[in-house]
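Let me begin by presenting the structure, written as structure tokens, before commenting on it.
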Amino acid sequence: MQKKLMHVGPSFTSYRIQMAGVSENTGFASPDFLDAMKYSLEGLLYVAGADDSYMPFILPGSGTVAMETVTSLIPRGSKTLLLTNGVFGDRWIPILTAHGLQMDVLSADPGHAVSMADIEEKLEGGDYQNLIMTHVETSTGVRMDIEGVSKIARKHVERIIVDGVASLGAEREDIARLGITAIISASQKALGAPPGAALIVASRSALEDINEFSYFFNLKNWITPMERYLEGKNGYLSTEPVGVILSLNRVFSDIRTTGLEARIDDHRRLSLALNEGIEAAGLKVLAERDLWSNTVTAVLSDHADEIVRRSMDLGIEFATGVHPKLLGKYFRIGHMGYVNDFDALSALSVIERAAAQSGEKVRIGEGVRRAQQVLYDLSHGR
Amino acid sequence: MQKKLMHVGPSFTSYRIQMAGVSENTGFASPDFLDAMKYSLEGLLYVAGADDSYMPFILPGSGTVAMETVTSLIPRGSKTLLLTNGVFGDRWIPILTAHGLQMDVLSADPGHAVSMADIEEKLEGGDYQNLIMTHVETSTGVRMDIEGVSKIARKHVERIIVDGVASLGAEREDIARLGITAIISASQKALGAPPGAALIVASRSALEDINEFSYFFNLKNWITPMERYLEGKNGYLSTEPVGVILSLNRVFSDIRTTGLEARIDDHRRLSLALNEGIEAAGLKVLAERDLWSNTVTAVLSDHADEIVRRSMDLGIEFATGVHPKLLGKYFRIGHMGYVNDFDALSALSVIERAAAQSGEKVRIGEGVRRAQQVLYDLSHGR
Amino acid sequence: MQKKLMHVGPSFTSYRIQMAGVSENTGFASPDFLDAMKYSLEGLLYVAGADDSYMPFILPGSGTVAMETVTSLIPRGSKTLLLTNGVFGDRWIPILTAHGLQMDVLSADPGHAVSMADIEEKLEGGDYQNLIMTHVETSTGVRMDIEGVSKIARKHVERIIVDGVASLGAEREDIARLGITAIISASQKALGAPPGAALIVASRSALEDINEFSYFFNLKNWITPMERYLEGKNGYLSTEPVGVILSLNRVFSDIRTTGLEARIDDHRRLSLALNEGIEAAGLKVLAERDLWSNTVTAVLSDHADEIVRRSMDLGIEFATGVHPKLLGKYFRIGHMGYVNDFDALSALSVIERAAAQSGEKVRIGEGVRRAQQVLYDLSHGR
Amino acid sequence: MQKKLMHVGPSFTSYRIQMAGVSENTGFASPDFLDAMKYSLEGLLYVAGADDSYMPFILPGSGTVAMETVTSLIPRGSKTLLLTNGVFGDRWIPILTAHGLQMDVLSADPGHAVSMADIEEKLEGGDYQNLIMTHVETSTGVRMDIEGVSKIARKHVERIIVDGVASLGAEREDIARLGITAIISASQKALGAPPGAALIVASRSALEDINEFSYFFNLKNWITPMERYLEGKNGYLSTEPVGVILSLNRVFSDIRTTGLEARIDDHRRLSLALNEGIEAAGLKVLAERDLWSNTVTAVLSDHADEIVRRSMDLGIEFATGVHPKLLGKYFRIGHMGYVNDFDALSALSVIERAAAQSGEKVRIGEGVRRAQQVLYDLSHGR
């Protein structure tokens, strides 16, 4: 049986997207790469909801590379309020610490989000110049209210930095409208390209004052290269992952064709089908219902690791839980990238079977039936 | 949304199988082609259930090429009883006619099979040297009782020729045990390779008396080439479809790995899930229940053509009906080749939605639920 | 070391063309197949130099399938003059014989072509309704003067049938202007697509009187399907090799982009570089200089088979000789399809080295130098 | 005409290697990725000539990422002697500067290498704990005498760091024997995989004292992940470029099959053919003859940029010169990765033609002839 990848790391991509990256003889100075790079940089602005006052960056690397690079926007001596709903929110702590940057941290329990009241109170009571939040927390599937937080934060801080690793391309970001300073992501998550590229969109005004704690992570060094790429010229600084960019180019072309709104709606629809299907089958979703994200669904089960193993045998690779408070107590379904209705049904089919085999009381068939109903009810002809 | 092909012609294949056929620099004399050809010829004997008294043939062409080529086994002046359950059974008529071969025809109504009683009566009442039957009739999804027919036929005729185009690799053929003279097929159907190769397995004794009505269709001309290929040597007569053979090689390797029995069981399981899912959703299967085949399901509906059109929009390409008595009144689901559990659920999901949109009274979700139950009940860890 | 295929069967194709044929979910009724089929049929007319009075056919099969199918244009009772310059010219004999068609044969020694004088004499002395010739004889690399022969033949016969298997797409055919009745080819030769499709272009008036000796080989049965494909509709008669057609579609698209003239010129240029390179290296070309074809070069050597074996080890697969009068005394270089300047130099590099290793007196480096000069002198900026 | 990439960035790779990276459903926790990662880490040790006292690292990134990461081996307060033969040697300056590390710099003119005498004098006269050298300088094609420098350096410094970006896999490194502390490279250069992975091999003892100036660039954070990968377990820290690793795995498998020695010899042979071909054609190589590297050839010409442009039109993409002292006065041929004899001849063919078209006095054909002679003379049956 062919295997599906519904992990939360590199998630479901399509053969078509991967093949777009196979180009035997394309180098970083080749015209087709330069076209793809320009188009991808523009596409990055588009999915972030950025306007001309923002600058896009695509670097060789990963989400973590994007995190540490965007940190160069934070001036020495300034103070940051970090909101964290899980493992990937927590990752900002050692990064900021490595560069001697001061911060306070507001954390939520797994499945929950830091509350607006707590944020407001903290911002009013402290002297913060920066706020960092994670739009969708990969470790728990919780979506933060990006609009609500931004509205409050804009009143108190100069810089709002959003980790959009698990959201960019599948959730509405709208950074210009929300006054967000910078958003980061990576090629392999919600966008559904292969891993290898770190993505950043940053306000041009914020780029004027860079904290130069590194050569590679220094956004200042990347401005000219990216300006050149945006003009269709070779902007070599460090070798870009050529194949990944060619794939990313195809992703952005697909998004332009579908329209970002329709793509986001589709992810929302699939997410609802999956989450409701999980509960109809008799399992429990970790995140509170109003925090369900479009891209990650965490499912509670005392047999979580066994379900992941059995699901692998049944043809789908899910992700085990990684939150230290719930190790072995939940697993995660990634529904990013090119996931579709068929994958949602397949995921539920496999989970029902694997959970039953693992000793969970599940209602075989009820999960897929509920998902099918949701898909039908919310369907719009696609 | 990515499209699935669940047609009855080239049916669901996998990217992996297609890619096996991409080999930039392989010609008909290249070692890797010669290996693949030998392995495929041996694999063909295996899936047919043939022993050393049979000879395998792989020719450039299609199922129809296989039909006309195998006709060279029928001596001038002999008489054939042709059993036909639909359009592809009927195709033997112009072929035999073109070569001046005499025949009588027993036909069944769509959804039915010629009865054993009728066959027996006809064979006893006439002077036939040959019998031709279609194992699975692609136009209706009806499976003929190959064992029952063979048992009767062996008493009366010298040659039993089986059209296994829609069955070889997904139904038990067992031609040596059943005393079948020859079976034909094509690469793109139940085997799940791309189209381009005509497949024949014929008894070596039957090859001694060839009706030489053609150069290409003359099996005698192909014996030496195939003997050479079986020895791993270049057996060029006419250029083989190199890429198709490389893909076919991979298919046979997969079948050897899984085991033919397990592969057939899996198709039976998927077929049951699909057929019962169709009926649970409130639609009607054309074939009588005990004639359900492992590879083709024909579904009755007054909105058949609309359902096929809407399904295409929803992501799956099914086949319209082609039986002249039921045009526009049914459609067909192909579940050949590399189809799997996920495809069965996806097919039902799409059919429920497309049928509802077309005005059929369907119970949304009941088809997928029933299929999921069947898959779970009959599951064996795959 | 990566291997190059410079055989005369499936010849050099490109990864790009093969990949064009990989389309996981395309069947014979899928819109993208129907587009490709229509475009390929039109492209076939274009490369043959046909006009509206001709009809194109693409069938599952091979060159031999095309030969036997086009034979259905020859009426019972008519008489054919067959011109043959080698093995593939000779193949028409058993085909015509199988269908009881009368013929006289004019043969040339290997490396030579039947002379105009002999043809004229024969035509004047006999009562022929048909003439068959091979444009480029694959077994010897000899090109027949298609224009000269046509001019004479038109005065004497009703039907001129040309075997363009090794020429269509790399030599000028111009069948409408020359009054040729039909030309055949196959996907995998001069056109450079993978093997699997038989190609025929036939005069519509000749199609009115078909010799119905077969079902599949009966061109009458294929008229409606092809008419439908030309209208962009499903024209199913027997399953087309879907992947091969998708590749062929890309080939025709490339030819339209380059222009047929430029493509033919390029083959002529490469052929000259190769042939002159061979002679500069100290080896001898089998064909007389004014019969050198654009696609096949036969090279004389007493060590021919050893050279082929050693060349394989050095990275290029050439073809051994097959002409019965010269077995083991020559080998063949295929320069069809997507062969380019680099391949010509590589071929000569390998031949020089393999020939020297085999004991031939060759001037190492002189072949590649001469080829480079020819390529430079005839270069036109590509 | 199909394009060849003989750039010095991502250089010639093969379709086979790129396709190895296409795996629709492989994530960072998938068994096939874990196998590939373990095998690649072991392969990295092998090509570096490392033993058990070394630790391999594969990170998402580029050569520059490897440079900045390996800098974490240099303790604060220590002093470095940097040897630089060009642009990429110079890049260490801003990297070390960004982290407040002290250094002295010895530079050579383009085409030359820093002399042993200068190195010895400097080391004896100063108090250095670290030495950094570039094995092959990509900007000039100059190969440094790694053995000679190491021998001297070992007497004076604690840490020798080698930039092997343009050499690892095509030049002998032998770091254990030479007492080298660490070597860095990237996936896309001499190894011939696609870009996306930064490669480091470091002495385990040097890892005990890490300069923690960053989160991502802190080698200490990567030790446990790599240890786990070496045990075949998931070692997630930051998402690895899954496809690139799958390709790299195939490269290392190829190298194990051929043997590292044979691979290096082959590159040396090709390099000699290219360099001597260039001079036979009448052009001049930038590097002194005893500094010719196995992977990069820089060619002097006043028409360098025009030659690069015309070569692109003729089918090969070379690299323009980037050394600030010689901009527009030279171009570079990359002969890394999967380059072979055919590519060497093709490169010379194109350069001769492009140079002639650009007004250089070249002897058309003499370059390819000389290369063919070198290839023949040094040939060993491959």
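Quick notes on this one:
Order of writing sets the labels: A, B, C and D. Residues in every chain begin at 1.
Quick note on the criterion: contacts are C-beta pairs under 8 Å (C-beta built on N, C-alpha and C of every residue); 3 or more make two chains touch, one makes a residue touch a chain.
What you see is a predicted model, and the numbers here were worked out from it, not measured in a lab.
Chains that count as touching both chain B and chain D, per the definition above, are A, C. The pair with more inter-chain C-beta contacts, choosing from A-C and C-D, is C-D.
Chain A and chain D have Cα centroids lying 34 Å from one another. Averaged C-alpha coordinates put the centre of chain C at 46 Å from the centre of chain D.
One inter-chain figure worth recording: chain A and chain C are separated by 54 Å, centre to centre, where each centre is the mean of the chain's CA atoms. Each of residues 2, 4, 14-15, 19, 24 in chain D touches at least two other chains.
Taken as a contact graph, with one node per protein chain and an edge wherever two chains touch, the assembly is complete, since every chain touches every other chain. Chain A makes touch with chain D in their complex at residues 2-5, 7, 9-15, 18-19, 21-30, 60-65, 68, 94-95, 98-99, 186, 188, 194-196, 212-218, 236-244, 317, 319.
Across the interface of their complex, chain C is touched by residues 15, 19, 24 of chain A.
The touching residues of chain B, counted against chain A in their complex, run 1-2, 4, 14-16, 313-315, 338, 340-343, 345-346, 349, 352-353, 356, 364-366, 368-370, 372-373, 375-376, 379, 381-382.
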